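To start, I am sharing the structure in question, which I have written as structure tokens.
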Amino acid sequence: MTVVEVPAPVKADVLCDALPYIRRFAGRIVVVKYGGNALMSANGADHLATSQGGAITDVPLALFAQDVVLLRSVGILPVVVHGGGPQIGSLMGRLGKLPEFRDGLRVTDLETLEIARMVLVGKVNRDIVGIINTHGPLAVGLSGEDAGLIKARARDPKLGYVGDVVAIDASILRRLVAEGLVPVVATIGSDSSGQAYNINADTVAGAIAEELEAEKLVFLTDVEGIRSDIADPTTLLHELGCGELDALVESGMVSGGMIPKASACTHAVRHGVNSAHVLDGRVAHALLLELLTSEGVGTMVVR
Amino acid sequence: MTVVEVPAPVKADVLCDALPYIRRFAGRIVVVKYGGNALMSANGADHLATSQGGAITDVPLALFAQDVVLLRSVGILPVVVHGGGPQIGSLMGRLGKLPEFRDGLRVTDLETLEIARMVLVGKVNRDIVGIINTHGPLAVGLSGEDAGLIKARARDPKLGYVGDVVAIDASILRRLVAEGLVPVVATIGSDSSGQAYNINADTVAGAIAEELEAEKLVFLTDVEGIRSDIADPTTLLHELGCGELDALVESGMVSGGMIPKASACTHAVRHGVNSAHVLDGRVAHALLLELLTSEGVGTMVVR
Amino acid sequence: MTVVEVPAPVKADVLCDALPYIRRFAGRIVVVKYGGNALMSANGADHLATSQGGAITDVPLALFAQDVVLLRSVGILPVVVHGGGPQIGSLMGRLGKLPEFRDGLRVTDLETLEIARMVLVGKVNRDIVGIINTHGPLAVGLSGEDAGLIKARARDPKLGYVGDVVAIDASILRRLVAEGLVPVVATIGSDSSGQAYNINADTVAGAIAEELEAEKLVFLTDVEGIRSDIADPTTLLHELGCGELDALVESGMVSGGMIPKASACTHAVRHGVNSAHVLDGRVAHALLLELLTSEGVGTMVVR
Amino acid sequence: MTVVEVPAPVKADVLCDALPYIRRFAGRIVVVKYGGNALMSANGADHLATSQGGAITDVPLALFAQDVVLLRSVGILPVVVHGGGPQIGSLMGRLGKLPEFRDGLRVTDLETLEIARMVLVGKVNRDIVGIINTHGPLAVGLSGEDAGLIKARARDPKLGYVGDVVAIDASILRRLVAEGLVPVVATIGSDSSGQAYNINADTVAGAIAEELEAEKLVFLTDVEGIRSDIADPTTLLHELGCGELDALVESGMVSGGMIPKASACTHAVRHGVNSAHVLDGRVAHALLLELLTSEGVGTMVVR
Amino acid sequence: MTVVEVPAPVKADVLCDALPYIRRFAGRIVVVKYGGNALMSANGADHLATSQGGAITDVPLALFAQDVVLLRSVGILPVVVHGGGPQIGSLMGRLGKLPEFRDGLRVTDLETLEIARMVLVGKVNRDIVGIINTHGPLAVGLSGEDAGLIKARARDPKLGYVGDVVAIDASILRRLVAEGLVPVVATIGSDSSGQAYNINADTVAGAIAEELEAEKLVFLTDVEGIRSDIADPTTLLHELGCGELDALVESGMVSGGMIPKASACTHAVRHGVNSAHVLDGRVAHALLLELLTSEGVGTMVVR
Amino acid sequence: MTVVEVPAPVKADVLCDALPYIRRFAGRIVVVKYGGNALMSANGADHLATSQGGAITDVPLALFAQDVVLLRSVGILPVVVHGGGPQIGSLMGRLGKLPEFRDGLRVTDLETLEIARMVLVGKVNRDIVGIINTHGPLAVGLSGEDAGLIKARARDPKLGYVGDVVAIDASILRRLVAEGLVPVVATIGSDSSGQAYNINADTVAGAIAEELEAEKLVFLTDVEGIRSDIADPTTLLHELGCGELDALVESGMVSGGMIPKASACTHAVRHGVNSAHVLDGRVAHALLLELLTSEGVGTMVVR
């Protein structure tokens, strides 16, 4: 870390700016959704086939892990939630499993569910836990099935084992966080008969943030943030209220994969989370900069 | 549960027999190794291809899970360790991955490691957690990579990512157990660079039992126990000392997959574990009977 | 304990049946009234004159003590309350003290009170404490005068020192129970001037169960239980509600010494105790069977 | 309490004198042996026959109880041990039980033991507990059989159930004292088979003081203290060392019932008790004066 | 301490009288205002010029300190508040600072405030702390500026830095008292900008007593107490209600420096303090006598 | 705070650099000596005469206070020790007190001691406490006389009340620090008779750092640091060992007021303090920069 060229007064300014944030957020939980795309784009290729088997080489994931560890080291309590769509698709392809559709919607049959669970819990989750733990024994991987964390039910029988969140029992998260650990959550839930379901990770991140009464809910994405005109990069919004975001969704300016994120942001902020953030995960140390400086690196949703 | 036909004095006898064991073992940890064969034989077929995607149908696993929950309910503290060799082989086959040998020994290359990790952590571990949790939110799945649980190193560079246990950091297990939870451990370890390794589950079970100063180390197998003459079923041993077991190994009467179990038993008993057990997992409620009655269902190794 | 002849599946059944009860009642208080008749009939003779001076020879008392110790060993918290009418009568006889009556009711003058107190606190209580403590230093004898346990007042001046319960201060019981001890209570109370009174033990047992918010109030008697037709042994009731029991008392089907027991049962169940039981103390291990099996050995009163 | 006539400076002097003692002894245990003679002489008659059945009328006992309560109120921790020889003799007489001698020594047969236990635990202990508790729910009566307090064995088979102290398990005393209660101990012990024994109360008081590492061991007697010449009242000793007391016993100047007291004093002082005291229990508030003023009211034994 | 001439029964009487007060007040806070006049009259001269530089020679202060330490030693929790008007005047004189008046009222300009703060915090507070600490490391000096203890505001801009109490944050006092220490408070307060103010010590003592829900508020003065007729020494009042004291103030019978004391007494007693006392600090051990005897040495104000 | 112009990657660099220091020092004590010269030079004039009476206007003191508060806010535990020589001289001058010398050394007579105590405890200490507390109720002023903090003795009778440190009882500091408060210590000590002494503040700072096993001992001075050639500014040393510093003192390159600092540094580092620092207090935020960046702003002494 070659920081010697930064003049002392600048350093003092940055520290005087950052320390009050550290004070304010110390002991507070920050739920961070880390997307499968981020992981995938980092590699630019099919991960299972080409990665080095768990050895850590992904630069953006490594910087993200460093941020998580630095935040934890000053008493801020990160909880990581992740997806893994591209990685699931990749293994399905290798196993010759063809996607199935019913009424135009993708179906998750039992085999697809087993593949999704293996990839999310046995691969993506492991990769994130592993890279955090190169800094020390901090991360603990969890599936939503552990200790009743995510209670789920089928969204629609026709879609098979696609689940909705029924309830979050966050006690296991509270325990781990209280012990100084960083939970990393794969978003498989289960119903009372023990049947597993695959659940949208954005929704789970929001539900966990609410249940934990988190200080912040942060989505690390591969876009700059939310724009008031999706076509115009100059309309990037730095801060907006829930109502404004609702309007953007209704007007179609927020669309596609951003919709569940937007929905999770407004729901969380309306249910006890102080602020929600859509950050550009491609910016190095986006998480650190967003939390510890007065300057933001994406869009903040407030009440 | 139709127990009405058992006469009251018999019930009273069984209870008077069992309660002192409950008293003695309450608050004590029992490490149970549940083997992949047990799981496989329960299904009699390739699990990934044919199972019902996480829904619980395996009878022996269900009885095992019931025992774990009953023991926990009276204050005995089970920690489950599992393997999954047959399940790994099955997925490798489906992916067209051919086993590789060097100098006659099987090699675990990076792709094999990733497959093993996905199957152990993302499938077998999940199945066990899931079936226990049909009784309540008790089980939490862990990989040895979580919170630094299993520190490993390569056994032999030629064998690739086959690891030996360097150290066990059991703090995460102690925390979960203290919270009333049942840890279920998949035996993937990692070195300080974050590289994962696949490790023999019998060895891990023994190392964890020692580190936790467990009351008992129990191997649930698909044999009756240990015989003094492997060819003669009438020579089943109910109890033997470490020295006697060493002699049986040296004489070749204990062989094959039983060797790492025997080795883990004697090492554990010599390092603080009160007794080690090789039980016949095919007997219904073998675990309950072994722990809570004066009659054993397998072989007990004592100092 | 010769239980070897019971087949393993039967044992497993009994244990699978019992363990959920242990789980449910662990940490819960069970108040057991052990009657003086039970003690007396056990000996079949004047105890003071013929017993072996405190050495333990009474079989039914010994089995009762074993049940108390076994229950305590699995975390259930027994509190024993006892009477001792026959033993008091016996010493009075030896001292040449004639019973006195006023308006047809028996009078407890000062000398009778002193004799009752000596016998209850200095003999019966000691016998029960002693036999429990052959299993370990578990039992502590208490009189209702200790630490303000039973606050009493005269029932009727004409009857002398026969008392009614004014208030129970159960703090000493809670402390002893919390320390893992088994309180054994002799039912002498006192008023604020320090005057002692002799009090009906059934009533005290009920009042203590209520104050402790006990799980159960159990009367160990020398009858099978409560019958709907007192003359017909086939009408034994296994479970009945408070209202039904009230009706049986009013109709005269419950009478004599059973009346204070019935009254204590219904009052306790209506004031926070989950269930009350009238058991046949002559059945070996009646207490253990009633608490830990799905089959009962007497009458249970529920709300 | 008419103290108005004492001038303020005198009061200030007494308080300035007393407060440092309160500070020094706060949180420290003082074991006080209260003798059966004191109780008897207070009444001047057979207590069982003539007392008012537990109502409190004994003046010296009442003053003693007041001292105990006052000391406890300022944080000093009294533990009371008592005997009751005269009271036992009285009941034996009424029951027509003749003392039995073997080789010139009094024998305690089973009936005598039962009588002794009834009187000590059921009468004398109750009287002391009762009078203390007129000040509030402070005292708890204990027999040495409770919670394994006094482990005993036969002194000599010929003497029957006369016991020696084998071990003191003071945990029940520590618990009660820690809860702010005042234990009152009757000196019946038991062996591991549950057999009770009658034990010399002076010896028990000393053994308990040692086990509790008491600040003081105090004998309240009916003499002024220890004299260097038993025949000469002017030779009363205010303070003496263990060696000096040993010499007085050897020379015969200390004799009779004072011998077990002297022996308990020197043993206790040599095993961790700071000082032992033989006080004149006939002086009103002897205990208070000895503990809280610089002037003593008897003999103090120091190392 | 020559108390040997006091007869034992008198001592016993004084102790029996005092111990219940110790019990009642143990763990309770007593706020004592010690006046600058008391300190000054003790010396009879300008202290700064003539004292021995912190060495302790003041007899009344020494007796007061002894009382504080004795009370603390038996578990009563003193908090000392002090003024120091005469000492401030003395240093102002030496610095040639002339008192300034505006509209007939004395003005506290910045220099006067600095002098007052130096004298109160750096001299009077130190003298009291020092003399208490000759008995052990008990006292801790505090200014109202410490840890936000006294939040103040200007009474009247024309009077400069004379302050009124806005709020008391007694957490620092509670912490020190809980640690067994004796806080000694100089009555300088500050506003949120950090500006200091000099505040009337009687008012501060009352406000602190209220905030701490003290048992007693005690003013040690140089008068005997409050009289119903200020001119007639025989009309000294031993106890009076708030309303009576209000009437005496209105009628002019209470006047001058006694007015803020009277006002603090009635306000405190009406806001949770059990009683307030105006004592004659010239009586040796006035504090001890008032708290621990049934005879008072001044005037007690009750509700 | 105008930090917007600093580019994000620079900020991220500074934070990534600082956070590990925060983690390392969190929960660790840093003892900071703040000199009277710093305070004086900040004002450039006689403070008592010209200051605004406690209102905060000193810029360097304000920046120092901000650093203290920021460090505390992220869990680092500052303890401030201060001197005040120039301020003492100023008041002595105003009071017409002439310095007295004996054998060429300055003498502290009783009046000088009283003046020193008033100024240190009643003025300088108050100014520092006041300015810190504009950020919240954090600082608590202490004199070494409080709760036995600094036990002192006369250095030399001829010098009067100049003291040496005999012992530090840091319990009051540990208590305050544990409560989240910042102790500010004036360096007056006392002997067991209560006599006060004025003590060199550098020495006290070192002794307190040792007793608290501080992470760091920091001297904020008005020089750049320690030079290997006192005459050559280019020889400023950034880090040196104790032996090197000893050599510089012996060679005369370290001299004057730097000698007690150098001596305190080497003694502290040799007795459990990790490092000692001589910083240039004239650099804004010197404390923050030294603790939280890899670049130092003065001289660090290590073992």
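Side notes on the structure shown:
The chains carry the letters A, B, C, D, E and F, assigned in the order they are written, with residues numbered from 1 in each.
Keep this in mind: a contact is a pair of C-beta atoms (placed from the backbone, for glycine too) under 8 Å apart; a residue touches a chain by one contact, two chains touch by 3 or more.
For clarity, every value in this text was computed on a predicted model and none was experimentally measured.
The set of chains touching chain C and also touching chain D is empty.
Per-chain Cα centroids separate chain D from chain F by 61 Å. Chain E and chain F have Cα centroids separated by 34 Å. Chain F has its Cα centroid 47 Å from the Cα centroid of chain A. Annotation for chain C: no residues touch two or more other chains.
Because contacts link each chain to exactly two others and close back on themselves, their graph is best described as a ring.
Listed in rising order, the residues of chain F touching chain A in the complex are 1-4, 6, 8-20, 22-23, 26, 66, 70, 73-75, 283-285, 288-289, 292-295, 297. By the touch criterion given at the top, residues 48-49, 51-56, 94-95, 109-111, 113-114, 117-123, 125-126, 129-131, 133-134, 136-143, 145-149, 161, 169, 172, 175-176, 179, 181, 188, 190, 192-196 of chain B touch chain A in their complex.
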